[in-house]
Structures are given as structure tokens and as C-alpha cells.
């Protein structure tokens, strides 16, 4: 009892030193009751990071120079003059953001794009996925979306030619084509009524992936490009899935591509990697690390930026594993994100 | 009208006797056919004396062929739907069992919508089947989806009363305000009037007149309607 | 087996009716259903019904050794049973979500709020205390089916928790424990009811549980004592337990329709009025039964 | 800082020991508690030197937990909670999917070392279950689940340190984690506890205060000022309750400012990366996030 009694005041005193850090404080009741909601008496230094006015009442703010950031519950504009799009909802005649991100406007349509979110598919998108389940006449594919995608047996090319008919025997040996855990590149074909996407691999560009490794980045960092298949000079191929999955693999020589004599039709569903020499392996690891670094700094990943970064690392003679060190990473990002004007 | 209990034997001399619910024919030890009561209730017969049945107060609906029922769509199932009709098992309703339905043009019923249907198959070993038309004429005859209105749950006895055209309640309500009603034999009655208050009044009258609930008779109901805000 | 969810016409009609300020059973928004209380032969045996919901509560006391860390306090345990007899949706053997929620709430209302003076249950410090057992059996709670926990808490055919807490309050009020005498030697004599009049429990206060269903169609409406369908279609359920002296014992509003503080405070005021009514109502009933049983009122 | 034990660190360590003693006594629930330490002294200070309405320091860390779609760690005074959000994603158990909206699934894990009594609480523990049920119920009306039929959103809550206000800390961290995961919300949810000591309302109670005072947990949505969670299980007069409710609502707006600043900072950081990257890689012909 006496011991605790002693430590009581001491506690208070010592604690004061830690409480100096407290940033939120309330004033006693009299002042509280006099101030209205929203401007409750917290000290002025509270407002750091909140300096610019986040609420835009007017509709003329959209032409501003910088992108407008918003977060859930914030009113964006009047619902009478504008239409709500993704990332917003309407409440009492106002368009209100439901995600944290950037406000975008296309004519009368207001959307808020979240900077970190699951992939939301569109027809024609190129995606990389992983088989999660084999079901009757279909595979379930994880493609980083809100539901697993579906790959119908009728939407794949089977060995033996494009025109081959699917037989009952194919249904029984679906695992010979894709089994759980297999990676594949495909295109979004359509949507089901519940919003799940349906994929197809009916092109020789698509199909099972091998000879490389997968890196996963936030989907927003992958932009729609002319081609999502690119080759880097060091014998590395890159497939940028719009769902944020990136496949980095050994280069397929042109004469081995489909339609050429070197094309091995039997290898389409093979689970066996080809021989990959050490130099290629190093190059693959290097590209993977570059992509990890770029993604960690939220830099959008394109073929050109990957190439530039690759050249920089070779030029600077950076060891592959050192790429992940903070200072090297910073230097790399600084080098590749220099303003174009400074570069030339 | 007499009260009978399970196990009692019924005497009837009629040659061509038809037995309704609550009665069973069985042979006794001497091999003579006799009729045994299987359910407690009152023994009823038609005027000709060739049909016997027991009016009970049981609450569980047992589907019987040709009975109209009110069901709630529970799920889609292939070409049709699974429907809850309050019986031990869910019934199935084929997508083509509607007036004017064809492979191309099938009615679109959502989960949780109400249907007024007729039991087309009721077999103890199979799940009941429903249809929303007359199989011969292929006409709807009042069956189909019930839109708007409200669903009243009452006792099976009340359902049977309401479906009897001589019963006072629905004509009485109809004399006060226009009213649509679909009476299911499964203790569910769908009512719809123009005004919300009228529908609620109909609901409350059905509950009040239910022998298993309020148990009011005609005069009491008349008085009760007077107290309601219409 | 869970009953199927309410049909679309039922739901739409319920909305339409609320927009016209009508409830499905013709009640006013703040009008509770009829209550009834019946007492068994024993003291502390009560059956309470609210609409079609019926709950039986029974209190008994037994002398036990106290827990070593609380030698001055009696023990209280609350046991709930929500068996399939209460409704087809409850499975036998397994305790349902509703049962757990009911037990949890009753525990909060009567035990954690210190409604019962535990020290008054002590007979001989560290040696003998009363162990009060409150058993709650739900006899009928038909046609509930609620996916959300909050609705489950308010329970059953509507007002399960309200009804159960009222049954418990009545049972605790009605109950009398045998008179005891402690002799200097540490010997305890328990007197038969015939020898010495049994004593009522020392209750600090009696909390009454009042539930509301929140529904926003055009505007937010609070319905007192929601019945089955209202509860199943409610956007949110608010459970309050408070005494006639305006002391809150439990506020439980988890999820569902977000409420403005004013709405909540409004509901609390209504509940406080209701608690006062219930207090008088309960008092009258318990006294009536004592008079009937010739129990000496002290 | 790391080499020399600072005064702060020292005080902290000793404080921990003391709080440990208290939590021990909390366990046994001795009523003599208030005799030992003054909850609110004559000078208007609380046992840890705060004033009645003063909140403890709140800090969020949004640094992503590898693999999660969004995560946040909150340290609120000495209470520390880590929340990871996965999804919306394919439901792991198909039977749990809802045909018209996403199912929210909350799992709470209380580390045994988070309190002095070092009790291992399994998943079946009543308190753990109740905490999970409350968090789930709080967010169900706020998350726009209708956008994701048949999907599942998993919220994993890890309580690392407890010093009062575990539920509000978990709710606040969940809000930030959900926003970080890009899950659409109607609004922020800001939670705080309030209590009353001898008719004097206080905000943000420590474990010591919680064990002694009637207290209320309130979660509010700052835009509308509406409450999604109000939970109280100790005796309190109606008038006091109203007062606490009002205060907690105001404290909610303060916490909102704090959370908002954190979210905004993170969004800005991510956006900066994207826009510099874009500027570098190409002329802004297909600029997505920049204005034309």
C-alpha cells in the first residue's frame, strides 16, 4: 500500500515527460461547449498535413494543375451536375468519395481511383494468373481480382491445333493441361453475371508460363501499353500483366515462336523448364529486383523504364542482390525518374 | 360432426368410399377391412356420404395434389426454382410450368419472390412439384408470381376456411374495400388492397378470425373492423 | 433449419407501411406488445410472455464455499437455454448464436451491472455464501432468423431479450432465500420457510431491457419492441438496459444503421419512460402474487 | 537513442512494471482499487498526468505488411494493435458467400504478452469472439459490400499491447487498413472510449481507469456525425451517458483529422512516385493520374 502510494505521484511526474508527445488534447468543458463540431479545440499544430483545403465545393477545381487527392467520406461535388463513377457514392445530392485516391473526371463522370486496390478487370486486358482449382470443364484462376477468374476448357487451345474439337477425354485429363499452382498468361474475354471474369488463351501468345519467375506489384503500376510482351537485350522476356503480376523469363527466340519451324507444339503444356544458363538466371534475378525496387517506390512499370533501369544497373556495375539495399534502390529510382529534359 | 381420436374405428357402409386426410384403411386380424382414424379432430363427411375426412388443427402442411399454395422462391435450380411452401421439403417449380412459357421465353423470378402455384405432384417418397398453370389448358388461371401486397401466415384450418366460398370473411372485407387475395392451402394467404392500411386491416382480420389465434366469429369481426383505421 | 428470408412483397410492404407511419400489426411506433407474467408455485419461478415470445426464469439458491479471492461475496450464475422447442431454427445440442448472445446480455444486465448485492449473499466470511442460480428457459421464440449478431442479440420472435430480462427481473424480485443464523462457533442454521420467513434478495436496482429496431426508409425510424418480421427486416437493432432511476446498465448498438446521437439519446429517453412503466407493472404483479401466496412482505 | 537508455525509455519501463501490478489486481477485481490511486486528482490531472478530455498520443503506421492488401498499426498510448486486410477476394469457404454482397470476416488475436497476466486467449475465447463480432458489426454498414457480391473481405486484428481502449484502437486501425486496401467505405469510423469518475466525464481511458470506471465505447462516422457502435456494460446515469456521447463524438472528429492526415500523406507519397515515374518514362500522352 505504502509502496504504491509513493509511486503514484512519481508516476505522474515521469509520465509527463512521455506525454510531451501528446498531440491531441481537449480543453475543459467550458471552452468545449462553446466551440462547434469539426473545429473542436485542438491546438493549431494539429493541422499539419491538412494544410490545403481538401474539400472542393465548386466544380471548377478539376482544371487544376495537380491531381486532387481525396479520401472516404469527403464530398467531391454536387450530384446534380455530375455523375458518380467508381470510388464514389451519392448522398444528399453530393458525390462523395468512398476510397482514398485521385479524383478523375471524364466529362460529367466523376471517379476516384484508389492507389492500392485489387485489380478490376476489363475485357481485352492481358493478365497473368495462377490456377487455384480444377472444376468440371473449367479452371479457377487467381488473378489478383476480387473473385477468382474462370478459364473454361473451351477457351484454351489444346495441343494438336487450333481447330481441334474438345473431347470428353479432354475433360478427364484437364490436369494434364493446367493443374493447381500453374501460372498462365491469358486475356480477359468476358464477364459472368456475378462480375467474375472469364479468361481465354486462344492465341499462341497465351498459355502456360515456364522458364522464369513471378513478381507481384500493385496493379495501378501497370499501364495499358501497346504490347505487354517485351524483350530486354540481355536475353530476358517480360510479360506485364495488367493485374499486377509480372512474368520474367528466359527469352524465346523468334524462330521458336509459334508458326516458325522451331516451335515445339508439345511443349505448350510442359511443366519442365528448359536449360537456362547462369548469365540468363542472373539477368532474370536482376530484372526481378529492379521491378521490386520500382514497385516499392510506387514507380509505374513500363518496358522502357525497366530497360533504362537495367542499363543503369549494368553501367553502375551493381551486384544483383545489392539492388535491394535502400541507398542503391534510391539511386536507381532517382536515375530512372529524372525529368526527360534533364536526361537528354 | 363428432370428435375422433387416433385409433378409433369408423363404421361406414358406403360401397365406394373415399378417404380424406386423417383416415386410413387397414385390415384387422380377421382380415376385414376397416377405417382407422390417424389424426385427432372432427370427422366430416360430404352430403352424399361417400367422402370422409378429419378436420384437425395440425400446423404442418402436407402437400396434396391439386391444392393451391403460396410459396417463396428460395433458389434457382437448373431450369426452374426451389420453392418453400412450408412443407417438410422444398418443392420444385419448373421454369416451363407457366402460361406462355417456352424454352426461349421463361418467366424471370427472383429469389425471395412469391408465387401462387398448384401442387402437381405430391408423393411421400418424392419432393413435391408445383405448376403455375393448368396442365391441360396451359392457362394461368390466376396462378403465377404475386407482386405487391402482403403475406399473412395463418393456421391450416384458417386457410381451409378462407378457400370456402361460403366463409364470411373475404366477402365481408371485400364489401368494405376492394381486395385481392390468394389463399394457399399451406397456411399462407396473400392479400393486396389499394391502401397500406387496408391491407393491414385485412391481415389483422385474418389473424383475428383464425381459430388458432384470435378465434373471433362474424359478429366480433364486424365489430373489430369498426375499430380499425381504414 | 433457418426459415427462408422474408419475401420481396413482405419487405416492400413493410417499407411502404413505415413510410405511412404504420406498423404491420397496427401498433404505434413506440407501442409495446402486451406483456403477461405468471408465477409458479415456488418463489422465484416466473413465466413471462411478450407477444408470442415466452420465457421461463427460475431462481434457486444453494450454500457453497466462496471463491478464495472473494471471501465476502456470494456467487451468481446465469444459465440460458434456447433449445429447438423455442423455434425450429435452433439446433439441438449446439448452442446457437442467439443463445450465446442472450446469455452474454443477461450476464451484463444482471451480473456485471451489480444489480444484485453480492456481499449480502455472504453468510460466513470465507466459509459459507449463497450461490444464486438463475436459469432461463426460452419456451417460444418463433420465427426469428437474423443474419446479424445485433439482431440475434435482440432475439427471437421479437423481444426475446426484453422478455427474458423481464422474466429474470421478476424472478429475482419474487425469490426469497431461507433465513439463516450464524452462531458464535461458526455454526450456521438454515431455517425452513415455516420456521422463519424467508428473506428477499438485496437488489441494488432492477434493470429493464428495451430493444428498438432502426429502419431507414425515408428517414430513420425507431420501433419499440420489434416483432419477428420487423426485426428480420431491421437495418439495425439497439438494445438498452436501464433502471427506473434512469441508470443505464447496458447499451449495445453494434453495427446496423448508423444512428445520430440525438436519435440514440431520444431512444434512451423513451426507454427510461418504459423502464419506469415496467418497474411499476412488475411491482404490482409481484406483490399481487405474494398476497395470493400469503407471503409476508417486509 | 538506441545506445543510451533515455529518460523516457526508463520511465516507460518502470511504468510497465507498475501497470503490471495493477493489471494483476484487475484480475482479482479488488474493490479497493480506487483507494490506491487517484483517478482524477484535485488539480484536474489523471493518474498518467493527462487532463479530463486529453487523449493519448495516437500514431498510425501504414507501411504495408507484406502480402496484405492493406494494413495499419496503431499505437494509442501504450495500446498497440496491428490490422491486416485481405480482399475483397475469392471466398475460402464457398458456403459462406453471400449472393448479393461481400462477406466480412474478422479474426482477432490477442497476444499473450499484451497484458501483465500473460493469458493465452484462443480463438474460442468469449472476449475474443465478442471483440471480433463488434468489429465486424461496426464495419458491415460502412464497407460498401454490395459492390462485391460473393467475395470475402478478411480483417485480421492482432492486439500487441493492451492499456485500455483495445476495441477503439482496433476499429481505428481497421479503418485505416481498409482505406489502405482500397476497399470502398462510406466514411471513416473513429472510435474512442469515455468514462465517468464522480460525475466528471473523461475520454480515452487507460486500463487502470477502465477497470475502475463505468465506460462507453463509441464509434462515429465524422461526415454525418452518426454512430455505428455504442457499447456500454457498466452502470451509468442517463445524463452522464449523454454527456459522454457528445464528448466522444467530438473526440471522434479529432481522431478523424489524425487518421485523415495519415491517409492523405500515404496517398500523396504513392501518387508522387507514380507521377514522377510517368513524367520520366514518357511524355504525358497517356497520363492516367495527371490532368491533361
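The letters A, B, C and D name the chains in turn, as written, and every chain counts its residues from 1.
The criterion applied here is as follows: a contact is a pair of C-beta atoms (placed from the backbone, for glycine too) under 8 Å apart; a residue touches a chain by one contact, two chains touch by 3 or more.
This one's a predicted model, so the numbers in the text were calculated from it and none came from an experiment.
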(Q) If you apply the touch rule, which chains end up adjacent to both chain B and chain C? (A) none
(Q) If you tally contacting C-beta pairs for every chain pair, which pair wins? (A) A-D
Q: Return the distance between the CA-based centres of chain B and chain D, expressed in whole Å.
A: 55
**Q.** Distance from the mean Cα position of chain D to that of chain C, given in whole angstrom
**A.** 31
**Q.** CA centroid of chain A to CA centroid of chain C, Å
**A.** 52
Q. Where the centres are mean C-alpha positions, what is the separation of chain A from chain B, in Å?
A. 58
Q) Can the chain contact pattern be summarised as a line, a ring, a star, a complete graph, or none of these (other)? A) line
**Q.** Pairwise chain contacts under the document criterion
**A.** A-D, B-C, C-D
Q) Can you list the chain D residues touching chain C in their complex? A) 28-29, 126, 130, 133-134, 136-142, 216, 221, 224-239, 241-242, 245-246, 249
Q | chain A residues touching chain D - in the complex, by the definition given at the top | A | 1, 4-5, 7-8, 11-19, 21-29, 32, 37-38, 40, 42, 46-50, 54, 62-67, 69, 71-75, 87, 89, 91, 96, 98-102, 104, 113-118, 132, 140, 142, 146-148, 194-196, 220-221, 223-224, 294, 297-300, 302, 304-305, 336-340, 343
Q: Name, in rising order, each residue of chain C that touches chain B in their complex.
A: 4-13, 16-17, 20, 22, 24-26
Q) Which residues of chain B touch chain C in the complex? A) 72, 74, 84, 110, 112-114, 146-151, 190, 196-197, 199-200, 203-204, 228
Q) For chain D, which residues count as touching chain A in their complex? A) 7-8, 11-12, 14-15, 18, 21, 36-38, 44-45, 47-58, 64, 69-70, 87-90, 99, 102, 144, 148-151, 179-188, 203, 221-223, 225, 247, 249-251, 253-255, 257-258, 260-283, 286, 288-291
